[in-house]
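Chains: A, B, C, D, E, F, G and H, in written order; residue numbering restarts at 1 for each.
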Amino acid sequence: MGSDSDWPVMRAAAEVMSEFDIPFEVDVVSAHRMPTEMISYGQSARDRGLRVIIAGAGGAAHLPGMLASVTTLPVVGVPVPLKTLDGMDSLLSIVQMPAGVPVAAVSIGGARNAGLLAVRMLACGADGTAARLHGALAEFANDLNRTAAVKGG
Amino acid sequence: MGSDSDWPVMRAAAEVMSEFDIPFEVDVVSAHRMPTEMISYGQSARDRGLRVIIAGAGGAAHLPGMLASVTTLPVVGVPVPLKTLDGMDSLLSIVQMPAGVPVAAVSIGGARNAGLLAVRMLACGADGTAARLHGALAEFANDLNRTAAVKGG
Amino acid sequence: MGSDSDWPVMRAAAEVMSEFDIPFEVDVVSAHRMPTEMISYGQSARDRGLRVIIAGAGGAAHLPGMLASVTTLPVVGVPVPLKTLDGMDSLLSIVQMPAGVPVAAVSIGGARNAGLLAVRMLACGADGTAARLHGALAEFANDLNRTAAVKGG
Amino acid sequence: MGSDSDWPVMRAAAEVMSEFDIPFEVDVVSAHRMPTEMISYGQSARDRGLRVIIAGAGGAAHLPGMLASVTTLPVVGVPVPLKTLDGMDSLLSIVQMPAGVPVAAVSIGGARNAGLLAVRMLACGADGTAARLHGALAEFANDLNRTAAVKGG
Amino acid sequence: MGSDSDWPVMRAAAEVMSEFDIPFEVDVVSAHRMPTEMISYGQSARDRGLRVIIAGAGGAAHLPGMLASVTTLPVVGVPVPLKTLDGMDSLLSIVQMPAGVPVAAVSIGGARNAGLLAVRMLACGADGTAARLHGALAEFANDLNRTAAVKGG
Amino acid sequence: MGSDSDWPVMRAAAEVMSEFDIPFEVDVVSAHRMPTEMISYGQSARDRGLRVIIAGAGGAAHLPGMLASVTTLPVVGVPVPLKTLDGMDSLLSIVQMPAGVPVAAVSIGGARNAGLLAVRMLACGADGTAARLHGALAEFANDLNRTAAVKGG
Amino acid sequence: MGSDSDWPVMRAAAEVMSEFDIPFEVDVVSAHRMPTEMISYGQSARDRGLRVIIAGAGGAAHLPGMLASVTTLPVVGVPVPLKTLDGMDSLLSIVQMPAGVPVAAVSIGGARNAGLLAVRMLACGADGTAARLHGALAEFANDLNRTAAVKGG
Amino acid sequence: MGSDSDWPVMRAAAEVMSEFDIPFEVDVVSAHRMPTEMISYGQSARDRGLRVIIAGAGGAAHLPGMLASVTTLPVVGVPVPLKTLDGMDSLLSIVQMPAGVPVAAVSIGGARNAGLLAVRMLACGADGTAARLHGALAEFANDLNRTAAVKGG
């Protein structure tokens, strides 16, 4: 994420990783205050073993797009709402990427879905982890369904 | 996609698949006019061997979110702009998903990036296809870079 | 409604039903967490004797449109505002339906009007219930008028 | 409708009436240029045998809401887009009605859906017309489905 | 105004009238709940001696425009903000009037300026009241200037 | 107006003046390119016999508000739409004036209504011109009504 | 700034000046309540030794643009958010200046960045002050970087 | 600029440089397709003798902000409008920078003003170039004034 002030929003992505027993790292890598470190972070991400990057940022939210420009890993962007504009600036700064450099945007403040999207990405392969996560996602969907159905009584 | 009128936008996603030699299928599965077929399509997608779904839709664009609700595959949503509102309605209908059911939104009309995002997802694993696609994405980034740099002359 | 968190908004629709002595049912049927139940709910609604469906949802609010796609009953959609965007995302997701599958949208948070709209639908026929409700709506309008006029003093 | 300039949009509602063999009348009744006639039109609508009113208007689109205030019939509002703002002003002027006086808003320029919504209202009763229209709507949905499915080939 | 809930906003207009010693009346005349009374109110306004009408309303704010359609008096519209949308719906519903029926819109919640605008209208003539009000407005501008200048100290 | 490029929009205001036989002047007085002339224009307007000022401007549309700050005459602001944003920037720049300095905003591109609003202001007094204009406005409303009614025929 | 109510936002610009040891003055110069003083302020600014003007204003925020029209100094505009619209009106009123009269807009409420932008302007020359400020800005960037990096720890 | 497709907009900035006899360079340096070159470009800009950077970009417009993060030079950002959203996404992506890293935003498509803003920055110093440019800006303002005044004739 671009700032530790994003953590109250972004922690929900970390929690998903824990729920699905997926190792992860959390870091503050500001596009604007740590630009060269941010570039290095993105460039080395794959080699360090990362498979998906989740990046949250607010306002002129450049972090997800800049990371996407220096890695071939899929990057999920979480628009963090600031004090004004309800996150619409963050959303547009993240989602309106030019052709060639994709970012996967989730909803404003939607860090939990960012985590779940990453899990789906890891689960769509043919390896053992994918199989395990596919099963976990199916169970997760069942749980969601049961919880919702109970409320409907 | 939800309608064949989406094809002029969505073909760019298909072209990416061809460029990266990834087998794919193209179908019209309207959330609103073919709801039960759409549900079946999503439910069977994984078993039919699909690994990522790219869904484009416009206006009250429910297709990506509904597919995401019946599959564990990652779903990429492309907001297709209609005659009014410049695709803002499509974007919000796609990206503002509730926690639990993620969709990966790309830019308005951004079908090419939807395709590239899918390639990144397929490339983030450890299997042979992933390795091949990782190499192809790295080459693709180099090409983008060279083309842009030449313009800067 | 799509979630029990919608109830503080949606209860106003239920209250209208009570005020006009119209039998009704309240249920949580999430488009995204209970997709197949939602489809079944809509498909069977008419046969179970329902005449109008009122569906409230927030954000990427797909419930009203999806129900409208599997029933011939009129569906009234209530945009429920979430933490950001003041319900504008909910409104656009509900109202911008493609030609062929109509939804009747009311104002953001306007569950009371959703209820009153349903009453008007039931009152526009030629049967006894319609006659009773027509009278009740006329009296309701008179009450509104009197209350407002008294304030004007 | 509020002006004959709305006709290119609104004719789609009339066409639906013809398709479903429902008698209807078309009239220009401007809220702003014919206010007293508009009030009379609404007040007498039920007694003249109307069962649903479809009102299209653009900009500060007051016609649907004002008609709804002088009749107990259900009123469907069609936001007609003008030269600027893409119909967002029309939509908000129509949909954001205060509690007590409901209007059923459809999409911007969505006159065809306004017509279909009216058909659904007429079809939700227990009388013979309702039964006929219910059947016709079911067939209509099948046609929509077949047409869409063929495209998906 | 359309509702007594508008009074906390609208009272600022009344205060201006008092400050400038201009007789005025305050009334609740709801466009939607008192449509015929509203029409009568507008039609008789000039004959009852009114010279300017200030109308505040929120959401689908039809009151200013409807009054303007039944009187030749200038009508000032005050967009009252409701719980969502920050008054943008109110503003557009008031300001986007069709050619032929003008409304003078002021800022969202700008009842004080609505009052001052009315004073300017009354002050632009050649009669004695106009002369008095012109002087009072000049003094008012001086006071504004002095107060602001002092702050700048 | 702020620029001669505003004339295609603003001429409609001049036409109203001609229709109602009201003497008027047309001038380009740019707030940003002729600031001191603009201030002088506003300061001397009343003494030169002007009774109402109609000011059209686009984008950061400061002309109406700045004129209102240096005169006690009523100022009508016309938001002129530029190439982007459909005049929403012009509207907000004109209508959102701070308390103390009112501007009467009309619709985007609504110069004809600006003219009609000015006529209403001149017609609300007790002098002979007011009486003449009141009659002319009443006839104008009748014409509007007849023209609209004929279309409804 | 246009009002002392802008001070809670604008003080952050003054603090930057203090941090960088740059002499500055703070004043309330309202475009709308002190128009002639505002014009004089701008016209004399350069001769009084000012090198950059930072102007904050809200709503119909005319101060930055009007100052820019009467000086050749660079003017930085700070959109101050008011009670409604989250500063979007302020931003558009400041940034959408016509060709010929530029204003440098910063983010909504972004007075700190306005100050830093002014420092950058003063630091881009070849004189001694520029050299000193260039060094200070480089150190400032290092501090930002270190603070952010520590958080990432 | 981020792409040669921005040139039709951005050339107006280059023209200003020519008009004011200021040496300049034009380059395509894409934040997303040439990220490391972009970082190098910004880091070396001052040492290569640049004094101001004008950066235009569209959509998720990250170029101005990223350059500002790696230089102490003032950076002017020009929001380039793309096919949808009228440049609102570009504007927000450029202007909503976090505290610490300022960008000077001009209007949507406002490259001419970006050039003029740069001239003002260069003219606010005490060196000879500043004196020359100050004179040229004063003459430029006179020309603007004369041209506008003639139109008002």
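Assume a residue touches a chain if its C-beta (ideal position, glycine included) is under 8 Å from a C-beta of that chain, and two chains touch if they have at least 3 such contacts.
Bear in mind the structure is a predicted one, so any value in this text is a computation, not a measurement.
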item: Rigid-body rotation angle, subunit D and subunit B, from Cα fit (steps of 5°); value: 90
item: Listed chain pair D-F, A-B or B-D that repeats interface G-H [over half of contact pairs the same by residue number]; value: A-B
item: Mean-CA-position distance for subunit E and subunit D (Å); value: 33
item: Chain centre separation in whole Å, for subunit C relative to subunit A (CA means); value: 35
item: Distance from the mean Cα position of subunit F to that of subunit B, given in whole angstrom; value: 50
item: Residues of subunit G whose C-beta touches two or more other chains; value: 3, 33, 59-60, 85-86, 88, 95-98, 100-101, 103, 107-108, 141, 144
item: Each pair of chains that touches, named by its two labels; value: A-B, A-C, A-G, A-H, B-C, B-D, B-H, C-D, C-E, D-E, D-F, E-F, E-G, F-G, F-H, G-H
item: Subunit G to subunit A touching residues, read off their complex; value: 81, 86-88, 107-109, 141, 144-145, 147-149, 151-152
item: Touching residues (chain side subunit C, partner subunit D) in the complex; value: 12, 46, 51-52, 72-76, 91, 95-108, 110, 112-114, 116-117, 120-127, 130, 134, 137-138, 140-141, 144
item: Touch list for subunit A against partner subunit G, complex; value: 3-4, 27-30, 33-34, 37, 59-60, 83-86
item: Footprint of subunit C on subunit B - complex, ascending; value: 2-3, 31-33, 35-36, 39, 58-62, 65-66, 68-70, 82, 85, 88-89, 92-98, 100-101, 103
